[in-house]
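By letter and in written order, the chains are A, B and C; residue numbering begins at 1 in each of them.
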Amino acid sequence: MSRLRNPWGRPRGLVLVTAVYVLWSIVPVAVAILFAFNDGRSRTTWQGFSTRWFTGATGSVFHDAALQSSLKHTLLLGVLCVLVATPLGVALALGLQRWRGAGSGSVNTVMLLPLVTPEIVMGVALLLLFLKIFPGIGLGTTAQVIGQVTFTLSYVVVIVRGRLVSIGRDYEEVAADLGAPPRDQLLRVLLPLLAPAIVASAAVVFAISIDDFVVTQYLSSDASTTTVSMLLYSSARGAPTPALNALATVALVITLATLALAFLVYRRFAGGSDAAVAAALEV
Amino acid sequence: MMGSRWTWRLLALPGVAWLSVFFLVALYAVVSVAFGNQNTLSEPVPFWNPLDWNVGYVLTVLRDIGSGGQYLTVFLRTFLFVGVALALSLAIGYPVAYYAARHTGRWRGLVLLALVLPFWINYLMRMLAWINLLGPGGWGTIVLHDVGIERLFIWLGLLSERGGWLDGQPTTVIIALVYGYVPFLILPLFASLDRIDQRQIEAARDLGASPFQAFRRVTLPLSLPGILAGSVLIALPMFGDYYTPDLVCASAKCNMIGNQIDQFTRQGSEKVTGAVLTLLLALVLLVLMAYYLRSTRSADADLRAGEA
Amino acid sequence: MQGEVRLEGLTKRFPDEVVAVDGIDLTMPPGEFFTMVGPSGCGKTTTLRMIAGFERPTSGRILLDGLDVAQIPPHKRSVNTVFQSYALFPHLDVARNVEFGLKYKRLTKQERRLRVAEALDLVQLGGYAGRRPSQLSGGQQQRVALARALVLTPRVLLLDEPLGALDARLRKDLQVELKALQAELGITFVFVTHDQEEALTMSDRVAVMSAGRVEQAGTPREVYEEPATVFVADFLGVSNLITAEAEADGEGCALRIGERSLRAARGDTGARGEVKAMIRPERIGVEAQDAPGENRLPGMVERAVYVGTAHELHVRLVGGDLVKATIPNDGSVPAFAQGAPVTLHLPADAVRVLAPRPG
């Protein structure tokens, strides 16, 4: 498919619409980030540049207990979620892709369901699960991790499966032909080839986990299990200081850095920026 | 891999087990509580056996809906908000997606980046940004006032008082929903438009169609699956949204069904009614979910066939 | 008996009821260059994959030097394959690619290094050990794939259309190289291709396949000069198939074509009734109108095509069949142009009778 520029006229209207949209989309966030550096308590009046809300002695992200705790907890959940969801998802992707015969269709559907289930339904369902079926686990960090893993699993499967398809079966057959038993076909050939996709899906899981709100909120037990998203929510309508903006900015930077890293890794090893865009589009 | 069939099923087993327990069973918990009861401590008591199910709470809700009560109002309001927000999102999103897919040359990567970016910015941060801007004295409020839009909205009845954007205005909720979800619509639209073969459009032009006709008779129909898929993709979460109205409106006037469920389940002690409403919502959305799954499944089948 | 492959009643039926290979029997003698050739879907690749072990036969036996390997998994068979897509491991360099299978033989690191170097020299890629597959051209990748398979000294080497992805020039060069390699190593090569010219030029023995069955197996000369069926005649090179009525005629067979009669000395001379008379274009003599002699048919030149090496005349016979005759280009202007009436001479021992297949 050629990406020809339309030779029949310049779409000035569309360019304008797109430009306005992009500005409308990004500028509010840019303003919010800007005010994170405000030298003063206002979030609407610019009072000069300062990093006090990030590193200042009082009320900053680095020194306020509540802000710090939420950041730490967010990162904790992110890491735990990745550690559980990634291997689980990779195994599920491999199994599903090669599953021949009865049951594969249903498993596939079940795997896709979390992607289309509205978060509040998930939240309520998981809340009731941990109140009524697993009261021993109850609400809290464990429940939050379990909840997050449950819906990020599908993202891993989709990304890894996409890569599996483009890898194809040839390499494993060659390996077998050359004498490699099934275990080596997996370890010496398939997994190294899958590595970029695994890294990419881990990054995606991390990013989703950090930004997750509903499920995390529903499974939270007390102040110690508050995440950045939850703090943003509860403080937003109050009279928060720009420290809130600073907190959001920090979380954003972490997310974007992770994704940029994963994008570079994927591109370097799997080839083609289209592959990465496709991966992002899957999500 | 030359391993037996069972190797693969075994590999899939942990994932399947996880989803069964923490997803399927969780969904069943909703059903069991919806058909359950509430004890003296206002805690929900689930009835696991369908034979024991108590239809009391379900009937209460259904009767309320049937007689035009509170729940019906909320459901209808939700449909209204989602419908308007969806229409606006399409009106904004389609041209942008169209541009990104069909016209960019050098700037393509940058445009795509700009479109993907909101995906990865925390939704709440984006809402927070708006609250900042639309609060009293916020830059947004000032601009909207100066440009005259505020006066226009008041005149149209969409805004009840000056500077009161965040004061219980359904209008603000819809705008916020559009702002929040339109990026999630643009990407599937983009993917669908991108897939259209430029040559088909060229052929239409070659056969005498004007640019607009070519668009209407070739591009638009071919992008229809993408429009439908994208619409479903954002309608589903929008229906369950409670935090957006809560953040930009915080008044019962804006309550969507998500708010109702949230108030009963997480904030309050009416978990059984909350579960009933959740169940009802899920059933209503089932149609949408099934449609989306089916269209993904056929793409999925191609994926698997491609490997075989 | 080193490297003999024997297929007995080999059948492969796929779950959707497609019968890819239908009970074939073939013997591939040791040390020979054996080719399976046929159009897409004829079952040649499926057969090859069964010999390699990537598909399990529905029934039948695959005997490698007398041992039935049909149920042995591919990583335990002493056959190796060169894939159509080469399938070099992208995450390993050339040396490690070639070394891959050696890890399963009991050798020291030193010995492995040595074998890898030898294998690379064999395919003339001596200095390429450190390169990555993505840095190699198609032809070079194919040689690495060869080296990777040969380094394991298999008894039989299977090649699945290895030259398919290469351009014509490169393909011709590699055909020669492969043939020379096989002769030098003395390993049995089982080669699969859809290109009949490739099959004829490279092989010691050819099996022509169609719809899961072996139409004919023999030396290139046998299958080309003496095709057993219409399919084989048509598939290998160009053949003219003329509809005729076969009648008895003393020692041979008389073919009635329209009002004329031809004597046919080859093929199914015992057949009676409607048959096809096959003759290769290069064996037909083109003479002036009404030329005398037996085995002559009148016709008219519909097209005269200049092919460079020859002149190809498309002649319409009285009975309606279109016949192609080639006259080598000796530099002179051809005597017969488009529209000219001619007489075609079909020598008796160039005409082959092909009886229709029953059912």
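In this section, a contact is a pair of C-beta atoms (placed from the backbone, for glycine too) under 8 Å apart; a residue touches a chain by one contact, two chains touch by 3 or more.
Since we're looking at a predicted model, the values are computed, not measured.
If I average the Cα coordinates per chain and compare with the overall Cα mean, which chain comes out closest?
Chain A is the most central one.
Select, from A-B and A-C, the pair of chains that is joined by more C-beta pairs in contact.
Counting C-beta pairs in contact for A-B and A-C gives the edge to A-B.
Could you tell me the distance, in whole angstrom, between the mean C-alpha positions of subunit B and subunit C?
60
Quick one: subunit A and subunit B, Cα centre-to-centre, how many Å?
That pair's centroid distance is 18 Å.
State, to the nearest whole Å, the distance from the C-alpha centre of subunit A to the C-alpha centre of subunit C.
55
Which subunit A residues reach two or more other chains?
Touching at least two other chains: 173, 176, 182.
For subunit B, jot down the residues that touch at least 2 other chains.
Where subunit B meets two or more other chains at a single residue, that happens at 2.
Tell me, which residues of subunit C touch at least two other chains?
In subunit C, the residues touching two or more other chains are 53-54, 73-75.
State the interface residues of subunit A toward subunit B in the complex, per the touch definition above.
1-6, 8-9, 11, 13-15, 17-18, 21-22, 24-26, 28-29, 31-32, 35, 43-45, 88-89, 91-92, 94-101, 103, 107-114, 116-129, 131-133, 146-147, 149-150, 153, 157, 161-162, 164-165, 168-169, 172-173, 176, 182, 185-186, 190, 207, 210-211, 213-214, 217-218, 228-229, 232-233, 236-237, 244-245, 248, 251-252, 255-256, 259, 273, 277, 280-281, 283
State the interface residues of subunit A toward subunit C in the complex, per the touch definition above.
Its residues touching subunit C are 170-171, 173-182, 188-189, 192-193.
Mind pulling up the subunit B residues that touch subunit A in the complex?
Residues in contact with subunit A: 1-3, 5, 7-16, 18-20, 22-27, 29-30, 32-33, 44, 46, 92, 95-96, 98-100, 102-103, 105, 108-109, 111-112, 114-133, 135, 137-140, 166, 179, 182-183, 187-188, 190-191, 195, 197-199, 205, 211, 236-237, 239-243, 246-247, 250, 258, 261-262, 265-266, 271, 274-275, 278, 281-282, 285, 288-289, 292-293, 296-297, 300, 303-304, 306-307.
Name, in rising order, each residue of subunit C that touches subunit A in their complex.
Residues 52-54, 73-76, 79-81, 83, 85, 87, 89-91, 100-101, 103-105, 148-149, 152 of subunit C touch subunit A in their complex.
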